[in-house]
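Some structures to go through are shown next.
In what comes next, chain A is part of two complexes: it sits with chain B in the first one and with chain C in the second one.
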Partner chain A sequence: MARTSEAAPAALKRRRITSMPRTVLLFAVPALALYTFVLLVPTARGTVFAFTNWDGLSRTFDFVGFNNFAAIFANPDSVKAIINTLIIAFVTTFIANAIGLALAVALNSRIKSRNALRVFFFAPAVLTPVVTAYLFKYIFAPLGPLNGVLDAFGLGVLKQDWLGDPNWALIAVMIVIIWQQSGYTMVIYLAGLQGIPAELLEASAVDGAGAGRRFWSITRPLLAPAITISVMLTLIHGLKVFAEVYVMTGGGPGNSTNSLSTLIYKNAFQFGLFGSSIAMALILLVMVALISAIQYRALLAQGGHK
Partner chain B sequence: MTRYTWRTGILEVLMLVVALVFAFPFYILINLAIRKENDQGSPLVPTFAPTIENFVNAWNQASLGGAIVNSLMVSVLSVVVIVFVSAMASYPLVRLTSRLSKTAYWVIMVGLLLPFQVALIPLYTTIRDIGLLGTTWSLVLFYAGLQVPFSVFLYTGFLRALPAEYEEAAWVDGAGPLTTFWRIVFPMMRPVTGTVIILNAIFVWNDFLTPLLYLSGSGSQTIPVALFSFVGEYQSNWPIVFAGLIIGIAPILIVYFLLQKTVIQGFSGGLKG
Partner chain C sequence: MESKKAIAVTLAALLALGTAACSSPAPTPAETAGADAPLSGTLVIGAYATAKPALDPIIAQFEEANPGLTVTATYADNQQYQAAIRTQLSSGTAPDVFTVWPGNGNPGAMEVLAPTGYLLDLSTIDGLPALPEALDSVTKIDDKRYVFPMTVAGIGAVYNEQAVEEAGAKVPTTWSEVLDFCEAATDAGKVGFSLGLQSLFVTQLINYSLTSTLVYAADPDFESKVKDGDATFLKSKWKKAFEMYMDMNDAGCFTANPNGTTNDIAQADLASGKALASVTLTTTISQIKALAPAGTTFGMFALPATEDPDDTWMPAAAFDGFGLNAKAKNPAAAAAFLKYMASPDSMASYATVAGSLPSIDTDKFTLNPALAILDTDWKAGKTYPFPDQLWPNPVVSSAHKEGVQKVFGGQASIDDILNAMDVAYKTQ
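For the complex of A and B:
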């Protein structure tokens, strides 16, 4: 952040107050208490429950070792949910970031509509996911607008029962996530692009570098922290996806489009399989933590943005 | 690259076409919501005889008024608690040099790595056992704790870049820690407080899974869950469903368009609740 580097030595020396009484640490107690009650303790308890056959109601349970995890990997439905989650996370991340970057580059220009378009493209990111999911559920319906558009263009042969076919249903869910996330990645990239000094690009243009060369040699490396942050955020968003899948397909047809979160919800609250649901949530936790760790390393290597 | 050339013109036209593709779902949403119930025409054809009937019906039948009040209450209360506890916590975590303070900071930062799916189920049983299930208080409590790591992260990042001279002057003048913090430090943190409010409010307003769990079966619902059960009942009647969806997102869209700069700035830091 610019502020730290400009004011560096003087401000840094003074950022801690040595005369401050230790008791001021009490200021952190309410936050710590809430955080411990809501996140730390339940996560610790959950980690224990993942190794038990607890059903969520009884006071007693038995430790079953790694049985819950073995069962998850032996059950085709939960393996499918893990694979779906990974597919959703990686595909939506790749496409939403590509679209977001392209939109950002296009809007980082002199076009007159750039401010209006920025506000417009970002709007899906603040929309309630449940609403977006219903809207698209209708768009993908057999008699819905998408098939209508295909008919109108004489492409009737391409018509599908989009959400009724397991493969298309997963693609439909991903399209919704991409529609929401592209504008989000766009604003991150736009902020990154606006931080690149114009003189740098102009100087290299004078030196005869073409637009492609300028993008690759100057913009791309300076944009690296924005790329890391944007990619990691969309990946984690994809790994946790719930509302879009639950509303659009309910995990169906069959169990073909479940994500980890929808299967966790269904197993725990419809079938009372608390132990194995939490085991599945732990698998999700490991994936998210792994990605966050990679992000942290990458940002450090790129010179510590934030 | 600083003038509007013919190339810029082509780019402009191209971007407007892309915007039209992006707008397609919005067009369908509005076009259908203003359509008479008995109109069986294609959803693609513009509705020439618009009606507000669907909005009136959706409002009455989905009890959206109550849901909006609930969502507002949960969002406002949660955000107030989050800002209060996170801002205060960030003060000693940044300014104190003790080992205890550093440990507390890292313990909270670990929370950034924990997806709430693991905590959700054990916490559900605790909330049930203490009798808070089905109350909006359970949501406020949940969001307040869940959003601490992220909000403390934002506050500490900002405070670290703030010079301590003003506070030191106050200390010298004999002001206590509480006065110093709320009179001098907190007002200086206003920009980051704005970001914390916006990101958390949007997250809380939109969250679906938590209220689905903690409020299910109770009379009080937040907007996403109210819409979910409303659509369950009126599945095939899309015009009225879409009118309901528009009412449900109206508050957040109004806030977004009023505060667009701040909202986009908040998100473009690359952070999310």
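For the complex of A and C:
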């Protein structure tokens, strides 16, 4: 008995170590199986359909090689949608992060009412994009509140057909995305700023560093992980943008604001061109993966953390 | 070993779940037998949202007449409905009775759904009343009827009678009078025709109105000529119609900034009298009335395109179409419901609520005075289906609708758009 009890702890330890990977695997099986069935298998099947002329309904289809991809790049409306997607992604990422960072730095101070202001600026991020888009569709109407306010302040010359003029419609859509994303990035930056030790900033102030110098040499490098995640999330949101465009303009006027996502929806569900729309979805997937990877590596090189 | 067994069991369970979710009971045509027996079980109906006010009362009456049956109806906006019905059909979960658009032109249309075998041939249902021959081209394929339209809807210029009178305008019967009508409206500080091009379906209505006279009345075989490659949109009177559309814009006929204006705003302007008229679907008259101050009355005229009033045709089409699922879970109830909908009482009540004419003439129907011109022209054969119902794919219609926005926005010329429509026509 005594021998058994002495030997037990060592055996138990050995068993724990050797059985660890299997146990982990066992726990991971349901999630991995679901992930495989829900994501990997449909994605792989979808990839096959990108090379067919399937209409989403028929039981038969033909393989058409790379015709769907060739047609996408030959169609000016698809190319326009790709360009719009990139413009939306980069412009909204840059401006929303700049505004979010500025708000976070401002609201990280000890000003009174900072909590109320944080809620105020974060509130748009809580709204669903569909609600926001309907709200701004009303605000941007030709006789809507925005033009009304401009008129009231004697700035009638600045009035625009915001959503009806192809030169302004994309800008109007981006304004809404920036308005919503800025609060979101602000919260990420606030969390990052609150992790920066106050002593460091105080020490540098004692050493004579000004506010700009303190931000650039201390806050910015220590904020790098927050910048990495915030830029990546807003960039991905911009690349996948759908609701704002669909609700505010429907991709119009005359295709001028279509993003890849709205064009994918239109091709699949309005035209029944599933093969073509899956090909577009693949292009979007590659775009998101490539751009995200590039910006992630670029930011890591600047001092961001994994 | 135990962990391997657990993995295998988990995978097997997931596979079984997946298989169960993907399969569906296979109904057989034999299930239609016994149609005279009391109906039981559940009947599932799917329709687009605008059908709800007209369809719900009929469903309630049908349920009352068949106490053993439960009817479940779901509604969705057009685009969501079209996406959903295709998925439901291909996965075997489609409703027993559902909206099918007559003709072609969208993913939920008869010409798209019937060739896949998902629609029941309605000719096999005994006791379904005959439809007018004029509707055959958009309800039949190879002599088999796949869609039963409840109504005939038209596109015309609905006008606010009080606003027209106040502006001292005259209801136009010729093209030059249309421009005079706009001038009178402008002089009175009002809009001649409210126009909300941001709502995409609105973009096509004026071109359909003008081409029904200029193109299709002048050459009823035009569509088959385009199909055979003997005619094109670009080299037809479609170009003249499009130019006249822009002439109306240049003459100040329309709402300012129509590309940024929604149809809701355009309708509200007509209802309030800020606009004298609006070219719209007859089905929207009841919505416009609901927005108008009490006592406002509305009339409708066919939009003239020439100087001879007798030339004028208007677009009128089979509308509010329903089809039966070829693999309906309750085929007997589905057939019985369609026959119930096709009864004179149901047809009249549906058309009254929908703001259209019943597809089968019945003395149970009381004509709304605003629809008088549609009734007259329909009976006189001076109407042509909505062109997109006859086009071979939805891309042609999309090229047209987005094209109108582009021309209004200065992004493209009329020739560009007509050429894009010709290309789209030949694409599939």
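Quick note on the criterion: the second predicted complex is superposed on the first by the 266 of 306 C-alpha atoms of A that agree within 3 Å, B and C clash if a C-alpha of one lies under 4 Å from a C-alpha of the other, contacts with A are read in each partner's own complex, and residues count from 1 in each chain.
As a working rule, a contact is a pair of C-beta atoms (placed from the backbone, for glycine too) under 8 Å apart; a residue touches a chain by one contact, two chains touch by 3 or more.
These numbers come from a predicted model, not from an experiment.
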Touched partner set for A:G164, first chain B, second chain C, both or neither: second
Touched partner set for A:L34, first chain B, second chain C, both or neither: both
Touched partner set for A:I188, first chain B, second chain C, both or neither: first
Which of chain B and chain C A:S230 touches, first, second, both or neither: first
Chain B versus chain C as contact partner of A:L25, first or second or both or neither: both
Which superposed partner A:A203 touches (first chain B, second chain C, both, neither): neither
Touched partner set for A:A152, first chain B, second chain C, both or neither: first
Partner touching more residues of chain A, whether chain B or chain C: B
First (chain B), second (chain C), both or neither touched by A:Q270: second
First (chain B), second (chain C), both or neither touched by A:G254: second
Contacts on chain A seen with chain B and repeated with chain C across the two complexes: 22-23, 25-26, 30, 34, 37, 56, 268-269
Chain C-touching residues of chain A, taken from the complex the two chains share: 22-23, 25-26, 29-30, 33-34, 37, 55-59, 137, 140-143, 161-166, 249-250, 252-256, 266, 268-272
Sites on chain A touched by chain B in the complex: 1, 3-4, 7, 10-11, 14-28, 30-32, 34-43, 45-47, 49, 56, 103, 106-107, 109-113, 117-132, 134-136, 138-139, 144-145, 148-149, 152, 179, 184, 187-188, 190-191, 198, 201-202, 205, 226, 229-230, 233, 236-237, 239-240, 242-243, 246-247, 260-261, 264-265, 268-269, 274, 277-278, 281-282, 284-285, 288-289, 292-293, 306
Interface residues, chain B side, partner chain A - complex: 1-4, 8, 11-12, 14-16, 18-19, 22-25, 28-29, 32, 42-44, 81, 84-86, 88-89, 91-98, 100-101, 104, 107-108, 111-126, 141-142, 144-146, 148-149, 152, 157, 160-165, 167-168, 171, 177, 181, 202, 205-206, 208-209, 212-213, 223-224, 227-228, 231, 238, 241-242, 245, 248-249, 252-253, 256-257, 260, 263-265, 267-272
Contacting residues of chain C [partner chain A, same complex]: 3, 6-7, 10-11, 14, 18, 79, 82-83, 86-87, 89-90, 106-107, 112-113, 115-116, 118, 197-198, 200, 256-262, 265, 393-395, 398, 402-403, 405-412
